[in-house]
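Once you've had a glance at the structure underneath, I'll fire off some questions.
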Amino acid sequence: MNRHSAPRPAPPHGLRRRAYDQIDPRARQGRGLSAFNKAIIALVLLATVIAVLETEPALAHRYGVPFAVTEIVLGVIFAIEYALRLWSAPERNPTRSPWAERVRFAISPVAIADLAAVVASLAVVGGSSALMVRLVRVARILRLAKLGRMSRAFDHMVEAISLRRDELLLSLAAGLFLMIMAATALYIVEGAVQPDKFGSIPRALWWSVATMTTIGYGDVYPVTGLGKFLAAVTAIISIGFIAMPTGILAASFSDAMQRHRQAMEGAPAHRDDGAEGC
Amino acid sequence: MNRHSAPRPAPPHGLRRRAYDQIDPRARQGRGLSAFNKAIIALVLLATVIAVLETEPALAHRYGVPFAVTEIVLGVIFAIEYALRLWSAPERNPTRSPWAERVRFAISPVAIADLAAVVASLAVVGGSSALMVRLVRVARILRLAKLGRMSRAFDHMVEAISLRRDELLLSLAAGLFLMIMAATALYIVEGAVQPDKFGSIPRALWWSVATMTTIGYGDVYPVTGLGKFLAAVTAIISIGFIAMPTGILAASFSDAMQRHRQAMEGAPAHRDDGAEGC
Amino acid sequence: MNRHSAPRPAPPHGLRRRAYDQIDPRARQGRGLSAFNKAIIALVLLATVIAVLETEPALAHRYGVPFAVTEIVLGVIFAIEYALRLWSAPERNPTRSPWAERVRFAISPVAIADLAAVVASLAVVGGSSALMVRLVRVARILRLAKLGRMSRAFDHMVEAISLRRDELLLSLAAGLFLMIMAATALYIVEGAVQPDKFGSIPRALWWSVATMTTIGYGDVYPVTGLGKFLAAVTAIISIGFIAMPTGILAASFSDAMQRHRQAMEGAPAHRDDGAEGC
Amino acid sequence: MNRHSAPRPAPPHGLRRRAYDQIDPRARQGRGLSAFNKAIIALVLLATVIAVLETEPALAHRYGVPFAVTEIVLGVIFAIEYALRLWSAPERNPTRSPWAERVRFAISPVAIADLAAVVASLAVVGGSSALMVRLVRVARILRLAKLGRMSRAFDHMVEAISLRRDELLLSLAAGLFLMIMAATALYIVEGAVQPDKFGSIPRALWWSVATMTTIGYGDVYPVTGLGKFLAAVTAIISIGFIAMPTGILAASFSDAMQRHRQAMEGAPAHRDDGAEGC
């Protein structure tokens, strides 16, 4: 992918091309993020902090106006950003028709999320219902997901994890199986003693999840001797439930590093671009 | 294993042979699960969800009839599945007598569990005692264990773990030893202050398990200065208790991956330097 | 060590030599545990279970006599075992004077612990003070430590860990440093609000340990906004505090396995003993 | 670095040079810590223990005088140490002007922290305000940070971690993102039911941190069915949040060990096959 796109950014023809280079993180391989995208990241983080803080009644009352003003300003900026992305979208693939490329961009999940966030930012006024207000806030916070797109290292980590997807899913399945078994056991043993907490398997599952993830809120725990014994066995097994995915990920990252190092050592000979690993 | 068994499924003589190929996951090496087994997995998961949900009184009252109907339908399907497995069992080893092979299948733990689940599914009516009802539900949930048999990756993980069995058992033993020591220490220090919680070593063990697995329900914790100091030492040591099996599993998975990679690299014919794996 | 002792067990002269081969786990390299030692392990585990259970008042009242009888029988058996070890001790190093070797055995920590456990087992009668009774029970439970001596794999794991001792101690030191810092921070922020829980650094350390080991009993937690913010930062850092030793141990076990595999691969050529790694 | 600096300490001219060799840990490459620095470490640890303990009112009342005396004595010793470091600072780089070197030392963060700790130690008398007293205590405890400077292994671990900085920061960012998402979800679902605990995203974040780090204090947990379901999903995902950095660190330490071993093996002159590391 790196190699084929190398010649493309060479002749930057016109304003739209230069704008595209600034806007799309994929347009600048190996040269880090553009100033434009760094500013967008800072603004997304700022918008998230505000969206989080303004849900706090105490702060919302006191700083209602500055919050609203900032939200509107950020909404306008993100609206302009969206318009620029839409306008420069054809540069992604100059061989296709500009409008086809723009439609393709507009219906991509990322662009829809962007548009929703813009609308949400500008919907700050209007005294809508409590639920509506909450959903609008979620839309604003979801803007954070944009940042994933910016990071190349993110893709590499996702790749390293998805290579071991089968093992990870299997250990998740084994964990869920043990959770259901533990919940069933405690439901039988403690169901009659604490009916509100272990009176059904779904109720016992809440205990089972809190135990096997080692969270242990302490709102639910067995009180009979046998219940405690079974809970202790579950607790000890739960260490394996945590150790398993950790071990798989450790092995996967270790393997990726070693493969990368081998590639680096093997590279010097006759290779013209050596663009791997970035 | 794959190579030697390849010629076997080649001439599928008759209906029973074709049924066996669909039914036994081991009959289709390397070709994934058959449509029949995929359907069975979906039905087992559905039956589990129902068996879990119908223990909840609120749901059982409201959806009693649909639950009962689904259970009976599933019971009939699993009964047919059991009959098909029994009927096609001789195909597993055509050189032996069909009935000997059927008896061998019928007395295998998996088949007994299947039969118990079928009986349990069909025992949904009849107003039996509360305990009986609970055991029947467990039998239904245990059907989940059937799924393990379906997954080849599961066998590989079990193998990877069992190769390090000694180390894992040893770290488990060390953990149990530390649990008993910590419980004994807290029993001596806090036994007089909180007799209901630390008044005996078995009681203190409940605290010890909750602490060393880092669950920390919060129903039991030391209150004296010395008790808290010893609990803090136990808590810090417990990190090692979790780190140990994780480290062993990570190393084991890592080793398995590298061995696999070396085997892949070593396969092509003539290699002069033997530089694999570095 | 393996190589030098190989010729020794060859001519088993006399009863004492045969007894020693049965008694000392180190006398039978590579041949597993002797029947004598397997029996001792079972008896130690049984004695531990009894020593643990008889601290429970309910059980002690009901099964007082059987507990006492079993303790005395076990005490006599362990006394005989101690006498046999003392008697056969000279076989360990036949070139030295028998009594010098016996004294050397008697003053070894393991033998002193054994003797203490024997005395403790036989001190079950006599109506001594509550504290004395408790210490006697601890002595009995400490017999468990004998089992470590039996396992060769245990030595290997201890070795693998001690090779990374510096890193593990350093991460422990870093963890303790962070614990003190977090406790100091919460003492300053929450000390005035919850004086009984954060009113001094030692008090705040109890919170800090429960948080950084992710136990979280829930008896102590910050209530102010700033306190919660600092606690959240501490909680997130604490993941590193757990990840560090796990990572070190994983790397160490992985390294040990790979070294072992290299030794195995390199061995075939011209090596006369190849006794490493067992 | 070791090799180039070797000729420097060879001709120890005068008292200041010998003092410098004792005082600066970097002056004695590969020869461990000097007796002077070992004594300083012991005194720093002692001073920390005292600074921690004297915050406890019960102890402060009872041992007020011994604490004060020890603090003053330690303060004087650390003052002398500071003076010696300042005096011998020019030996670090004999080619520069002595006073320039001393100023460079005096404005280094470590020296400023040292001076603050000295002042804090001597400010033990004077009945200042409660907050002032607390800050003084923190300054004393921060002396612990001096010890990091002493350890060469510390630098190596920091290096190993910073090599994987990007991955660790990324998994931290992913974790924070999930925390905000989980808090937002619970804020929407449980906000109306438990307004004091989930009534705003910042409040829900407290739950989210306690859950995703698996601490689970138990002061905040969902009570509705949907809230519990979302919390269970969050709890299971949080295992990955802990497994990720552990896996990265394990891989990084493993890689460092292997690189080190290869370097050791690669050092001897002529090797023909390059079979290292497999």
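Just so it is clear, A, B, C and D label the chains in written order, and each chain counts residues from 1 on its own.
In this section, a residue touches a chain if its C-beta (ideal position, glycine included) is under 8 Å from a C-beta of that chain, and two chains touch if they have at least 3 such contacts.
This one's a predicted model, so the numbers in the text were calculated from it and none came from an experiment.
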Request  = Note whether the interface between chain B and chain C is symmetric in residue numbering, meaning over half of all numbers used appear on both sides, and answer same or different.
outcome  = different
Query = If contact pairs are compared by residue number, which of A-D, B-D or A-C agrees with C-D in over half of them?
reply = A-D
Ask   = Once you find the CA centre of chain A and the CA centre of chain C, what distance in Å lies between them?
value = 43
Query = Using mean CA coordinates as chain centres, what's the chain A-chain B distance in Å?
reply = 30
Key: For chain A, residues contacting two or more additional chains   = 205, 210, 214-218, 242, 246-248, 250-252, 254, 258
Ask   = Of all residues in chain D, which touch chain A in the complex?
value = 166-167, 170-171, 173-174, 177, 180-181, 183-184, 187-188, 191, 199-203, 205, 210-211, 214-218, 221, 228, 231-232, 235-236, 238-240, 242-244, 246-248, 250-252, 254-255, 258
Task = Please name which positions on chain B make contact with chain D in the complex.
result = 214-218, 246-247, 250, 254, 262, 273-278
Key: List of chain B residues in touch with chain A within their complex   = 48, 51-53, 55-57, 134-135, 137-138, 141, 144-145, 147, 151, 153-154, 157, 172, 175, 205-206, 209-210, 213-219, 241-242, 245-254, 256-258, 261, 278
